[in-house]
Structures are given as C-alpha cells and as structure tokens.
Amino acid sequence: MEAPTLWQDIARIREQAPLVHSITNYVVMNSTANALLALGASPVMAHAEAEMADMVGLTHTVGGALVINIGTLSPAWVAGMGQAMRAAAQQSVPIIFDPVGAGATPYRTRTCAELLSQTPPTIIRGNASEIMALSDATTTTKGVDSNQSTDAAREAATQLARAYSCVVSVSGATDLITDGEATRTVPRGHALMPRVTGLGCTASVLTGAFAAVNDDPLAAAEHAMWVMALCGEIAGEQAQGPGSLQMHFIDALHNLDEDALKVRL
Amino acid sequence: MEAPTLWQDIARIREQAPLVHSITNYVVMNSTANALLALGASPVMAHAEAEMADMVGLTHTVGGALVINIGTLSPAWVAGMGQAMRAAAQQSVPIIFDPVGAGATPYRTRTCAELLSQTPPTIIRGNASEIMALSDATTTTKGVDSNQSTDAAREAATQLARAYSCVVSVSGATDLITDGEATRTVPRGHALMPRVTGLGCTASVLTGAFAAVNDDPLAAAEHAMWVMALCGEIAGEQAQGPGSLQMHFIDALHNLDEDALKVRL
Amino acid sequence: MEAPTLWQDIARIREQAPLVHSITNYVVMNSTANALLALGASPVMAHAEAEMADMVGLTHTVGGALVINIGTLSPAWVAGMGQAMRAAAQQSVPIIFDPVGAGATPYRTRTCAELLSQTPPTIIRGNASEIMALSDATTTTKGVDSNQSTDAAREAATQLARAYSCVVSVSGATDLITDGEATRTVPRGHALMPRVTGLGCTASVLTGAFAAVNDDPLAAAEHAMWVMALCGEIAGEQAQGPGSLQMHFIDALHNLDEDALKVRL
C-alpha cells in the first residue's frame, strides 16, 4: 500500500465528514460511533422503519454510506435493515454488510441470505467463520469470534464475491479483500485486537466511511483494513492490555497523519 | 459563574445522589450512566411501559429527574417516553428532553413535537441544529451532529422556551441557556469534545442531576453546562485524542472539587 | 482462597474459551463483552426468540453458560429470557441470573419471580437490595444501586438459595456467596468500584465463565468474585477516577497470572 493513496482517502473523510448510517448491534454502538468520529466521519444510528427511507435519503443527499450489522438481530430490526438496504440500493448509497455470528444459528444464516439476496451489498465484511457460513452452510461458527483462518476463507470469499457481485473483506491475522477476481491482503495488525469486542464491527463502519469517499469498493475496503491494522499496531505498542488498547486505538484514528502512514508503510 | 454557587449544587448531588431515570439511546447508555455515577448521582435506565409509572413514582419518592433522549427512537420506546413524561409532570419530577437528530428525519421532528406538546418539559437540551429544527421545520440536520452555530440558534431557543414555558439549553462552542427572557452563556470547553460520541447526551443527564437538586431550571441547566465545559477542559489538557478524553472526562467529574472550580472560574 | 485453586479455573477459561451467552441490558453489553474477552472467555449476545434454542444448543455443544440480566427488561426480551432458560435447563447449561433493579418496580420483582419459578437457575448474582427484594417484597430498592449492606442480605440470600436450590452471590463491600448451607465471603475490592456502571453485571458474566469450567457452582461463584475483587484492587491502585479504573480493570483481567494471585492472596 502506498501512503499517498491511503492518505488521499483519509483526507477526503476528514474534509467531507461522510454520514455513516449504521443499523448495528447494541454491543458496539458506542465504540463504532467513536471510531467514526475519531477518523473524521459523522455517525448516525437509526433503525425504525418509520424513518428508514428518510435517513437513507439524507445519507444520499449529504454523502455517506449504510452499514448493516446483524450482531443482535431481532425481527423488528431485520425489517428496518431490509428497508434501508432497498432504499440505499435505489439511491446508489454504498451498502456494507457485516454478518456477525452467521453460522452460529440458522436464524442468523437465513436472515443474512434473505437480506443479501433481496439487496446485494457493495461490500460484505466479516471474519472467516462468517464468510464461510454465508458461502457454505456446512461450517459451524462458535459464537461471534472467528474459528477459521483467513486462508481457509479465501475460496469462500471469492465465491461469495462472485455470487453477489460485491467485494468481500475478511478480517483475520491477515486480512483478505476480494472482488472475486483481484485479491488484496493486509498482513498487519496487533495480536491483542481480537481481545477487544467489536473491532470487527469497527472495521465495517470504517469501511463505510471509505466507501463513501472512494467509488472503488475494493480500494475502499482495503484502505479501511489498512487503517484498522496500522492504528491497531500503534495502539498495541502503547497498550497494557485490551482495555487501554481500545482507548489508544481511538486516539490513533484521530491522530493518524500522512507522516505516520509513510513511517508505518 | 461563581464557584461557591456551582459547588453548592455539586455538593448536593454528592450528598443526595439523585436518581436520574433515563430513557435514552443505545449508543450512550454506558457513557451517560458512568458520567452520572462519577458526578455522584444514581442512574437508572428503564423504558418498558409496564414499569414507567412505578419508576417515575420511585424517582419522585427518593428525589431525582427524568431524562428523555430520542437518539435511537422506535414506536415502543416512544410510547414509554410519553407515559413517563406524563407521570413525571403529574408528580412534579423535572423532565429534561434531548431531541437527538431532530430535523434529520420527519419522524424525529414529528415525534418531538408530539411528546413536547403532550407534556412540556422542564428543560430542552440539544445542539443548535436540533433546537432550530424544533422551532422551525425549515432547517435540515445532518445526522446527529450540529451544523448550526449556537448564535444562529439564539432566536430559535428563545422562541422554543416561550412556546413550551421551559428552559432551552443549547450546546456548542459557546453554550447558550435561556428561559425565553434571561439568557446565560458558557463560553468554555474543549475543541475535542465534539469528537466524542454522546457528550451532548451526557450534558442532558447531568442537567437532570442538577435539576433534581436545584428548583431553578435556568440555574440547573447552566450549572450542568459549566461542569461539562470545565471537565472537558481538564480532560482535554490530559488527552492525546478523543479516546483518552472520554476517560479523563469521567475521572474529572469524579475529582471535581471546590478548589478546582475556583481555579478554573 | 488458595491461589492454585483459583488459578486452575482461570487457566481452564483461557484454554477452553467457554461461550458465555448473555441476554443482558443495553448499558453493559460492551463492558461485559470486553471483560469476558479480557479474561479469556468468548462472549455472545443474542436475545431473539427465533434463535434462542439454537444459541443455547451451541453453548451446550462447545461448552459455556447462559447469563440472564434484566437491567433494561421489556416483554419481548423477557420472552427470550424465559425460552433460553428453559433450553439451558434441559441441556444442563449453567444459568446465572442477575435481577438488576429487583424491588425498584413491581414489574421487575414480578418478572424475576416468574422466570425463577419457571426455571430455577444455577446461580443468582445480585446486590443486597436485589437479593432482599427477591426473598422479601417488603424492601425498597433505590434504582439499580444497592442501599443494603451485604450483612443485612445474609439471611435473605440463604433463604433464596434454599427456595431455588441454587447458589446466591451477593456483591458488596464484602461479597457473600452461599448455597443455603455453606457461606463464603470475599472481603476485598476497591472503594471506587461502585462508581463504575455495570461492574455488578460484569461479576455476573464472569460467574458464567467460571461456572462453565467448574461444576461446583459455589466455587465458581466464589472464584468469580475473587477475580473481580483482585482486579478491582489492581485497577484501583492505578486509577485516577472511575474512568481510568474501568480501563485498568479490563487490562488487569487480561494480565492476571498465578504469581499475581499469590502476591495478592
């Protein structure tokens, strides 16, 4: 990754402050909103059907993206998600879909399949277990953490990208991003990152911020994973455990500049 | 602001530990509960209609306030909000209303208008965009962050305060508090504060704590904004970014004493 | 408490990474998930009826526990809780029940009574006010914080443990754990801990992690409270207020090793 290329997108996010509309899980609402603000984007959380079309319309007007995350799904929320995805597709608002816990229960896997088949997203972002569950119902997910290596998910990611004509971004020790043809990897990050809840969900909302300012979803997804990895490294070097890593990670997102990118890359 | 006047209310909060019953958004439940505990108040989050009358009754009995925040509204929650507001008004429990994202969608603006017209609150606390949306539906809010200066909201705040016979507290680089006649400003704080999610919502719950111990809602709202501004300054001086600011802000609320107030004021 | 005994359970949690399925309140979802990850367990949050049987089945298959916490209860969530508890009992998955705010409103006290009488849990973990409310409806809880000493709850805890043939774990300045016959106490911790929201709820999820690796619920509950108390002490010694205590507490859970246990115990 070239530092100027990555920096260009970060600078755009800071200038344009894209609106990232998330329908996400209860666990990560605070931490993902803080990550977006720290990077320079503008978060909004809204899920009620009564305002889905209007909120997506606002996102279209001011510029932004829609992030769907099924982490704590229930029927009323899934209805709002479907409505928002349809509205976003109609208005060409980028859609990032995070299938948290897909494969853990049939309800999760089935809900993902229904939402994705109704409205193919711009980018699917998950861990290896989730990506494999979406492309092949034979794998079993243990909870919401990954128990599959990113390598093992390479084939599944390619299949999934082709099936929905989208980009698939798989987080892991080495992140993998593919549009079904080209594949990029991000072999960076910090070992403590999986010990902080919701950093995968954070990757999804940051992917939304990048997709809002970069029309190439493969590049947007890759840039987001680079920012995750580099800020994870910066935070990990200062942290004394996962509690302080989370704090330093937010600070690192805020303080990231072109010089730091050059040094790290 | 005189330090002894402000300190008197803080000391009362620490002595009486008023119960601040919040029906608020998912994003800020943890951070606002921690802010209340750090200042010395006692938070409770409850939204089910089945317990609204009883929870408000308990707040009345032990002393406290009701804080309504529509940040992640949905019909079931709005029903609980309306019920709680009516019960609070009947029992003279102070009501603080935070119209998060008013103006962003018609559903938000309409819901606020309905709740406010049914039960005028003691204090409306929002940012400039939200306050202008409530008093004039012609402005457009971008997400839940403000895109209007506090000055531009002065007239709207005054109109709104008169319309509902309440106090309006507008956060911004300079906070503005008015009862429709008298106006107070708090020209302090720290530039990083808007980069932390939910500090506006935190201002609302702290306003609830002050309203619980001070019968003058104009003074209560002003005192809350002073505490926000001063703790924001203290935290900002120690912070390396918005992640550490959030942590130091909570510590500052806990450690605030009369000497610190005198030095800062 | 002997350090090797306590360490044995912690080592098991780190090796087995038990799945702790929580149906808990919105306020603490992030902080309790982070506490579980920091200790070495694997958190999952899920509440929809459509996946309750499957998620409990997964917990049974991979090893884990179910934690029910009524902090922000509503009818739809209570339905999911009841369903999950029945499934867990059928499959011998340990159930930890946290009656947040029991006694504050009749709805809370009644809901607890219904859930507990339908499916007696393995361990009830609450503060003194809540435990007294469950065993005797004559006490009044102020919000969700305790206003009863642990000593005053001793009799109530014993009665409750006998009524449901379960272990009762009462947090306070001195924690008390009883199975209705034997009683253990944990006279440690840090004075700032009650100023951080959700540390009681954190005690409940950690109790779930210990119950997943230790068949003796009295020992599991006691071990969890020791870990809470010791990590609270470690964090308290480094903290400058409740904000930094929360961060250091998570770090301490992650860094806890046998040597630290020996020094502290």
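In this document, chain identifiers A, B and C correspond to the written order of the chains, with residue numbering beginning at 1 in each.
Quick note on the criterion: a residue touches a chain if its C-beta (ideal position, glycine included) is under 8 Å from a C-beta of that chain, and two chains touch if they have at least 3 such contacts.
These numbers come from a predicted model, not from an experiment.
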Inset, instruction - Work through the pairs of chains, note which ones touch, and then classify the graph as line, ring, star, complete or other. - result: complete
Legend entry - Interface composition of copies chain B and chain C: same or different, split at half: different
Inset, instruction - Using only the C-alpha atoms, find the rotation that maps chain A onto chain C and quote its angle between 0 and 180 degrees, to the nearest 5. - result: 120
Inset, instruction - For chain B and chain C, let me know how many angstrom lie between their CA-based centres, rounded off. - result: 32
Legend entry - Touching two or more other chains - residue numbers and ranges from chain C: 26, 30, 246-247
Legend entry - Complex contact set, residues of chain A against chain C: 25-28, 30-31, 71-75, 101, 104-108, 140, 142-145, 194-198, 239-244, 246-247
Inset, instruction - Sort out for me which residues of chain B touch chain C in the complex. - result: 19, 21, 26, 29-30, 33-34, 37-38, 42-48, 50-51, 54-55, 58, 62, 76, 246-255
